[in-house]
Every structure is written in C-alpha cells, then in structure tokens.
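Heads up, the thing below is written out as structure tokens.
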Amino acid sequence: MTVMRYQKALATAVRDEMAADPSVCYLGEDVVHSLRGVSSGLAAAHPGRVKDTPISEAAFTGFATGAAMAGMRPIVEYQIPTLLYVAFDQIVNQAQKIRLMTGGQTRVPVTYLFPGSGARLGLAGQHSDHPYTLLAHMGVKTLVPATPQDAYSLVRSAIRDDDPVAVFLPANCLPRKGDVDVAVTVPIGPAAIRREGTDVTVVAIGHLVHEALAVADDLADQVDVEVIDARAAHPFDWHTLTRSVTRTGRLVVLDDTNRTCGWAAEVAATAAEELFHHLRAPVRRVARADVPMPFAPVLERAVVPDREAITAAILETAKA
Amino acid sequence: MDTTELIRAYQTMRTIRLFEETVVTLVNANEIPGVTHEYIGQEAVATGMCAALGPDDVLTSTHRGHGHIIGRGADPGRMFAELMARVDGLNHGRGGSMHAADVSLGIYGANGIVGAGAPFAAGAAWASGAPGAAGEPTTDRRVRRVSVAFFGDGAINQGVLLETFNLAAAWELPMVFCCENNGYAVTTPAAASAKVTPSERATGFGLAVREVDGMDVEAVYEAAQWAVDHARSGRGPVFLDCRCYRFVGHNTGEHMLGLQYRTHDEIELWRGRDPITAVADRLRGHGLADADLARLDDEVQQHIDAAVTFARASASPEPATAMDYMYATPTLTTATRWGHR
Amino acid sequence: MTVMRYQKALATAVRDEMAADPSVCYLGEDVVHSLRGVSSGLAAAHPGRVKDTPISEAAFTGFATGAAMAGMRPIVEYQIPTLLYVAFDQIVNQAQKIRLMTGGQTRVPVTYLFPGSGARLGLAGQHSDHPYTLLAHMGVKTLVPATPQDAYSLVRSAIRDDDPVAVFLPANCLPRKGDVDVAVTVPIGPAAIRREGTDVTVVAIGHLVHEALAVADDLADQVDVEVIDARAAHPFDWHTLTRSVTRTGRLVVLDDTNRTCGWAAEVAATAAEELFHHLRAPVRRVARADVPMPFAPVLERAVVPDREAITAAILETAKA
Amino acid sequence: MDTTELIRAYQTMRTIRLFEETVVTLVNANEIPGVTHEYIGQEAVATGMCAALGPDDVLTSTHRGHGHIIGRGADPGRMFAELMARVDGLNHGRGGSMHAADVSLGIYGANGIVGAGAPFAAGAAWASGAPGAAGEPTTDRRVRRVSVAFFGDGAINQGVLLETFNLAAAWELPMVFCCENNGYAVTTPAAASAKVTPSERATGFGLAVREVDGMDVEAVYEAAQWAVDHARSGRGPVFLDCRCYRFVGHNTGEHMLGLQYRTHDEIELWRGRDPITAVADRLRGHGLADADLARLDDEVQQHIDAAVTFARASASPEPATAMDYMYATPTLTTATRWGHR
C-alpha cells in the first residue's frame, strides 16, 4: 500500500500489465515521449510494443482491433476525449460489434484510454466533453475510475478483459492522491459505496464522486447521504443501487455529460421503473447543461455540475 | 500457373460463380434475408489473390465478400447457412452476408462499412511480427503472416482506408492492399469521384504499386505472388490495382430500381471477357477436353447443391439466444440487462 | 390534400424546397440516380445543385458546413444510418458547435437526412441502427417523422431551420400512405397527440407511433390509451407530455434505440423528476435490447420493440 | 514584393510575433485561460498567404491559429479579448484560442480537431460558384471566392483532410491547401508518420503542388499569388508545402513537461533563419534605416499594448448567458431545458 497520485496509479497499471503480459502493447499519439503522462518509460522498457501513431485515430483504432483479433491486447490512448468522435465508427460499429457479428469467433481485447477527460477550465468547445454516455449507450464497457486505487485496479481489469473497454480518466481526478494497493483487484461491474447514509442515495461517477462526498460532509448535520461510486457507466450495478434506494427512498444522480439522454437519465429512468414504489421523492439529476462548452471559465462553471447544484438537489430531495 | 494450379483456380472461380448465382435465386425466393452484393465477374481477383496466400495469412473483406470468403476456402455449406441465418452458419446466423467471417481461416470478416476492415488487416499484419503477438518473425526476417485488405475503387476516397495506406507505408507493414477496381461505386463512376487512378493515389502514399488485369486469374496470381513475397520478406506493403468489372447490379435488389448508369454495350464488352470462360479456354490449351471441363463443372454443381442442402437442414437460432456472443467476458450486470427489455 | 406514400412525401418536400430556394442544394452518394428514392429528378431540374459525392462522409459533411456558412442551405443524404458514425465528429463536434463557439457569428443551416433508418429484417449489425439518441444527447435538433404529412412538413421545416437538423426517416415508415397537405406547416418542437385517452400515456417516435396506435386500438376495450408522437427526439415537447401525464398518471415510452441511455431514458427520467407526484404507476420503457443487431430475423424480432412487448408494458402500467 | 508590400509584411509579422509573445506572458500570468499554441517562427507563412487573398476569400485555421487570424487582419484587441474570455472578444468569449474566428473577414475559425476545418473551406469554395450561393461566378469564369485551408504536416495523415484533398481535386474547387510543414506533430517527426513528403502525397490526389520556403515571406507570397490565381481562374485546387519551423514548444505549457524531441542545435539552426530578421535585412536593402525599423517596431508595440489594454477593459460574460448563441432558431422546448439543470 502506497500513497500515489491518480495519474501515477494509471501509469503504473499500464506499466505492470505491459510487464506481466507480452501481448499488451500501447498505441497513440506522442506516447513515446508520454505527452499525457501515461506511458513514461514504456518505450524504453518494451521496444516495439509502444508505437507513436500518425494523427489517424480511425485507422489506429481499427489497427488495434485487428491486432487484438490476432492475439495482442492493445491499449489505445487518445490525446483528447473528443477524438472518440473521429474514431467513432471503428469503436462502436466495428470493435464493439465484431464478436457478436461473427457469432463469437473472435474476441477484441482492446482498452481505449481517455486520460484527462471532461472539462478543465478553459479548454472550450472541443476539448471539454466527457463522452462516456455515448459509449454506454452503444453497449461498450465504459469505466470512469474516481480514485487512484480504481485508476490502478480498473485499468488492469480493463486490459485483462476480453472485450473492448473504454476508460475515461477525468482531468479533475488526475492530480488526486490516495492509497493504492497493487494487490487489490477491482472487477468490472460492482459499484462502490463510498459513504454510507440513510436519507438520500447519491449516485456519481468519476470526479463527481468527490464532489458528492464533499457535499455529503458539508450537509452531514442535516442529511445523512449515501454516496455510490458507479465506477462504470456501463455495465451499471443495479443491485447496489437497488439495495441503497430501497433503504433511503431518495435518489440524486450526478453526471458530467449533457443532461439530455445522458447517463444519469438511465439511472433515473431505471429507478422510476424498478424502484418506483420505494421512492419517496422525485428523482433528481444534476448534469451538464445541454450546450457545447463555452470557453469563458465563468460560463464553464455555469454549465457543469457544481457543489452548489449538488447541494440544492440533495436538500430538495431530502425534504420532498 | 501449371495445369494443376489452373484447374484449381477454375474450380474456385466456378464455385464462386455458382455460389453467387445460387444466392441470387435464394434471395429472390426469400430464403436469404437482407441484402447481398454479388461477386459475379470479379472471380479472378479473389481466386488469384487467395491462391498466393499461406495458411497463417489474414484477409479482410467488404460488402461484396462472398468471393473472398469462398476463394479463401471457407465451406460453402456453412456460408450458405450463414446467409440463410442458420445456426450452422459460419457466424451462427449472427452476421449474414455483410459480416460473414471464418476467423479460423484468417478471414476477419466482410464489412458493411466501406473501407472499415482495412485497418484490421494492418493490425493483424503488425501482430505477426510484434513481440508478444502470436506470430514472431521467423529467423530469416520473413514474417509468418501477411495480411490482405480487399476493397473497391469507391473505397479509396474513404478516410479510414487512406489513413491505413499511410500507416502501412510508414510502418512498413507486411500487407497487400487489393483494390478491386470495377469502375463503379454503386452508380458512381470511379472517375467522377477521383481525379487520379487508384495506382496514382497509392503511389502518393509510398506504397509499392502494380496494375493488374483483374479479369485474368493468372495475371492476378502472378502479381499476388510478387506482392505477398514483397510484404513477407519485409520490403513493405503493396497496392494492387486490379481492373475488373461486376457483371450484375450493385446488389441483388438493384434491378428493381431501374437504374441506368452503365450502358448495355459496356456491360456486354466486359462480359465478353468473362474470367471463367478465359480460364476454360486456357485449360483447353493445357489439353483438357470439353468433357473434362464438364466434369469439373459437375463437381462444382454437386458441391453447391450439397451445400444448399446442408444449409437448408440447419436450424434457425432460438430467440432466447439473441444476446449470445455479445461479450467475451460477461459481467453480472451486463447479463441481467436482458431482462429489462 | 392528396394521399401520398411517406417516401414520396419526403421526396416532394426536398423537391419543393429546392424549387423555392436557390440556396438549397443536395449532396450524397448516388443521389443523381436517386438510389434511396429521395432525389429523383432533382439533378435534371437543378443542375449544379445536386452532387454525387465520393465515399467520404466526413469530408462531405464538413463540406456542407462550409457551404452553409457561405450562404447555402445544404441537404446531406447518408446512404446508411450508421454512416453517422463515420461523420460523427463533423456533425457533433463541428457543425453543431460552431455557432456557439463563434459567439453567434455564423449559422449552419444543414439538413442531414437518414432515409431508411432503423431495422428492416435482415440488415444485420451495421445497417440496422437507429441512432437518433446519439444526436439528441449532443444537442442536435433531431426529427423522426412518423407520417407522410410530417415527412413532408417536418423536412421542409428542417431545411428552413437555421441550425443543423438531423432527420431520420424510419425504414418501417417509408411505404406508409397517408394524407398530405402541402400547405401545412409543422414547426420543430411541438409533439402531436395521435390518439386521445385517459388511462395511460404512451410516448413514441417514428414507426413506433404506428405500433402504439395499433396496440391502443387492440386494447381499446380494456385501456384508454393516449398516444403522443414526439416527432422530435430533441427538442422534446415537455409541455404536451406534462399535460397528458397529469391526466393519466401513467407513462410508457417506446424507443427504437438501445435501452441503456436511450431516448426513452430521458423521457422516463424527466417524468420521474418533474411529474413524480402525478405518477400512479412505475414508468415503463420498451426499447431495443442493448445488443448489436443479430442477423437472423428471428433474433432481430427478439431484440426490437414489438407489439407484444408494447402490449405487455401498457397493460402492466394500466394495472399497476 | 515592393517596398510598401514588404513593409506591410514586416508589420504583420512583427504584430503576430509580438502578439504571441504577449500571449505567452498572459498565459503564464493566468490572464488567458486554457491552452494556446504559438505561431512563433512560422509568421512568414500566414503573412505571405494572407497577403495574396482578396476581400471575399475564406480561410480555415487550426489549433495554431493566431497567426492566420492576425495575418488576415483581425483586430488584435478583439483577439486578445477572446483569448482572455471577454465579451468583446471576436467570439464574445465563447471560443478562446482554439475556436477564434472572424467570419466577417472570411475566417471560418481555428479548430481544435486536426484537419477538421479543411472541408469547410472546400464547401465555401464551392458555394462561391454554385448557383444560389452568395457568390455567383463572375462573367470571366473567375470565381469571387477562393478558400484557403491551413493545416500542419501532422494533419496530412488525418482521414477527413485526405478526403478533402480528393473532393477538391475531383470537383476542381477553387481552393488552396496551405500545409505548414514545421516538421513535427507535437513530439512526432513528420518522417516517422509518413513515408512520403506532403508534396508527394498531394500529387497523388491530383492537386497542383508547389514546395515553398516557408521562412521567406516573399517566397510564400509569390507562391500564394500563383496558387490563388490558379484556383480563382478555374484551374483547380493547389497544395503549397511550406517548409517552416516553430521556434517554441507545441503549446505554452510544453516547457513544463521537459520533452526532448528536438535538439538544441536544430532549434538554433532554424532560429538563425528567423523570417522576421530576414525581412528586416531585406528592408535595409530597400533603403530603410535601423531607425525606420525601430519606428515600425514601436508602432507594433503600441498597437499591441493598446490591444491588451482594450481586452483587459472588457467585461467577462454573465453566467446567465452561458446558453447564448446555441441555436440560431431556438424553439420553445430547447430554450426551456436550461431551467432543468
């Protein structure tokens, strides 16, 4: 057990998997010099298994698919989260569908890494998206680790998974410090209860887990908040949600993607379907406004979920 | 090609042709659902190209994929079964014409999206020489696996394929780009969509290029052997510009639309160069009698008839298996979603 | 008023707008020969304004953006709905965002047409998607006309709109016949109540509107179903929904996209937030299973919303 | 260039340089949020290219866009205000460095996605001669508008740009592809990502190609004039391969990462060819005294100082306006969603 920064935990997970399994390889733009800080030292340690790609996201994503079908376990790093859009067909229409379309003849064990996803004050319209909802909607296993331990353990699980797995590493999490035990395995699937409480269930993902925890502490003498870290946008751990909402009867969902048809909508909708009779108050979502990220930080702050909005939603739900 | 090779090529081409003619019948009889794109007229390309491949080589195919798949040696019975959506299909009825694959033969699948399969071929080619991948380079620097990406003249305007040209050239991947230049993308003539020929474009990416008469199986085979050897021996990727023609519509349904984008004369001109007739003529030159050819044709006919019988006898998948094969590593929660429908 | 097939109404809308406004142009693959039946005769009538494109979806989508910024009103036809994925960046990260990112300096009046969207028995994994949710999530105005009249009037509204508008024309609607009055304007925004009822509100879109109506008729002696045709996946007409659910207290949402984070999730989630106290039963969604479309028709039928599932959901909701 | 033109080029280049140096200071002082990519070293390209453009011409820019925007004549005050996220910014503080635009000057915007702006230029070029578009062709067949797409050497491996090369060539669009070949995409040398030069690639698409010394504003201007005339007179699209260098890091933050992908010697070599010093020398050849140059520098300094003062005086946007400019045609329901946050 050591204290590690999230970013370091992520890099260590990749390093450990590269060392453990010679079929793991690492592809992306400027990864040899490790522009995004995930692949430092990898190229020297594993010459030939770390490749700087041309600026060809669609092709190198498909390249990873083919390498995976041929026995490798590629990790693909995207320099910006919205590069997902450039490679979209190759992920959602190809890699993700091939196994079913071939009737199980092949596996596509590729890990897509999006380090520094989400907004980071001032990156504006094309560098601030946090597009995990899009992949969840398409059935892609989609992880958003919140803690250094999860950055380590979930990334290892992603690399070892035999399906395409996307991992978003929120910009707001990268500098966080926390305990990391490299012996701990975190499987893809189960959520984590980060704080137990009896009054309101808050489901969050990525950096919003920490916002939720901070607000929960602030409100501790008024409301006893349970905070669930979903860990994965897809698959979602309905079991843990059900257990919690059955007790609290109140649900707030935090989501860093556009509100309309966002990930929080899925959680809220399922609650309205399956947990209706347990709900004692309307479900509340706190999500991004449906708008491209405006550049000015003052505007950015106005459209992303913040503690004020989270606090208001929790209080409103607790009192309703 | 020697006589044996040429006979084998003839058999393959006849098999593809008869397979496709049968497909048309089955589509029109509603025994095959969906849309299929026939390979009729282009048989020499897949046949010549696949004849040059070794057992570990990989290919990626297109929407017009039957020829590549049969040409590579997939079982026509399982292929029919796939097209007919049966459990014994290559893909257990999950893929159909546009996604048929036989990964055990290195066929990484037909593809419904133009150009999209080519990068898989590049990745597989790389894996053949990458540390940790299944195939280490052999000691003489020849790689175990060469990949072939098939695609049409229309595909060469698609970004992902262009990017793949570049990737292959920059990384000197052991792969062959096999352009089936049949002159049209659906109704659109190649010349309307590009100012240059496929060869000129490929040259501009640094690929080794050769133009090939795609109606002549021996010419294709010779070029393919050169190309595969070029790639396998580490001299980098190759682009073959195979000039050919499809004798029929873009897909089985085209005739219902009454499109008029090719003249009758043009079609007849190319039909006059039927690649199968050409091989038959050559085989006669090699001393085969008409009766020998008739016997070969007969064998193919029996093979295809048996294949259809096999396919028809195969069961439809059970509705409850609709989510099967979705994940290689299912998780508790992905599995339970099914119940939520 | 004439009786027209949906497909014809769509083509007529395009024809009428091309005739009315010389800045309207039409781009796509094989549109001169009108492979998809939308652009028949257009090239002859307007030489130079109808262009067959190379198979370059990303580029011709961006091309339309630039032409629009320069004063044209391009219509872009995609031969397959999933070609959206190939052009994804150019739609959601470029055309859709440019106006906000430039601080309103420009408009991008482009119409994206997806004729024959959704499943059509046997088109398998890459030709059966109905990806309207993805665009709704990204804030793109996204229409799915259900009737010939709407195919005519909404497409005209889309072309006249000064923003990017995507229009999905479901394969299952194309052969439908219905009255079309070319003088009728249907603005982007309001939903249509296709059937009034007092017991259960069913919200549907595209061809599922007709499935809903058929089921409603079947069930007429048991349940009095109100059917709302959303018309647009985004923007959604919350006003009409609110009025209906306030009366019925019961809601079923039909959606032809993947269930997880699908469009129905948004409707259900908003209902759970805003209409909670009016709801007398759990909300129900009937959506696609979260799976790439398997080829075999028997499997396809098992994963798309069908009358059986709709009937079950309505009855369950009515009785809950 | 005659003396007047050369003086103007000098002023533009100095303005860009000083603008960029000031940007670095303001970023480091946290007066500019986010990330900026400096144009320092490449000033000759934007300056020479924009000098050849007419008032109705259009350009699309890149992540490294300040030079193009200032070079095209945008107001540095409003540009600073944009970078500082103020309401008087070109984009009212909605775009920032990576999306700055001045559509009134035909600047269709910087772009955060490599290669993505080029097809806009193609569309605008087409609109200039398309029936019904704002600009009809003039009677002598010269089109009113030529478009220029700027992009880097790294962009030429991106699908959408490659597709746009093809589109422009196939449709003979009046446009200029201006490749700022500074040898690197972030840390990656151009030669590692492509087997061919940008010129070779462009030739393979059927574009008219010229290689240009991008450190020499007169050479760029001369090539740009030829290119624009080629495009405007209906002879089709042109590709300019402008060899240049960025003197500084990929972006303002690079120095914090300690990346070592270029040698000190290489950087110094290119710095020795500073395009602004070169013009100053030539102006001396045209008879200008050091004092004249100092006066020009002084004017630029004052201009930039005033621009910063203007920007600093501008207000921040109000939070309540965060959804402004989202839709050109708002609908009732899109508008009300805001309340749902």
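Going in written order, the chains are labelled A, B, C and D, and every chain counts its residues from 1.
FYI, contacts are C-beta pairs under 8 Å (C-beta built on N, C-alpha and C of every residue); 3 or more make two chains touch, one makes a residue touch a chain.
Everything numeric here is computed off the predicted structure, so don't read it as measured data.
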{"item": "Chain pair, C-D or A-D, that carries the greater number of C-beta contacts", "value": "C-D"}
{"item": "Where chain C and chain D are represented by their mean Cα positions, the distance between them in whole Å", "value": "39"}
{"item": "Between chain C and chain B, distance of the C-alpha-averaged centres to the nearest whole Å", "value": "35"}
{"item": "Chain A and chain C, separation of their C-alpha mean positions in angstrom", "value": "30"}
{"item": "Multi-chain contact residues (two or more partners), chain A", "value": "53-54, 56, 58-59, 82, 86, 89, 93, 100-101, 124-126, 139, 234, 236, 260, 270, 273, 290-292, 294-295"}
{"item": "Residues within chain B bordering two or more other chains", "value": "91, 93-95, 99, 111, 113, 157-160, 163, 166-167, 170, 192-194, 326, 334, 337, 340"}
{"item": "Overall pattern in which the protein chains touch one another (line/ring/star/complete/other)", "value": "complete"}
{"item": "Parts of chain C lying in touch with chain A, wherever the complex brings them together", "value": "82, 85-86, 88-89, 92-93, 96-97, 100-101, 124-126, 129, 133-134, 136-139, 234, 236, 257-258, 260-274, 276-277, 279, 281-285, 290-292, 294-295"}
{"item": "Residues of chain D defined as touching chain A within the complex", "value": "33-35, 82, 85-86, 91, 93-99, 111-115, 154-155, 157-160, 185-188, 192-194, 257, 259-261, 316-323, 326, 334, 337-338, 340-341"}
{"item": "Footprint of chain B on chain A - complex, ascending", "value": "21-25, 46, 48-49, 51, 53-54, 56, 58-72, 74, 89-90, 93-94, 98-109, 139, 141, 161-163, 187-189, 234-239, 270, 273"}
{"item": "Touching residues (chain side chain C, partner chain B) in the complex", "value": "29-30, 32-33, 35, 52-59, 80, 82-83, 86, 121-127, 259-260, 286-287, 289-292, 294-299, 301-303, 309"}
{"item": "In the complex with chain C, residue positions of chain D that touch it", "value": "58, 60, 89-95, 99, 101-104, 108-109, 111, 113, 116-128, 130-135, 145, 147, 159-160, 163-164, 166-167, 170-171, 324-329, 331-334, 336-337, 340"}
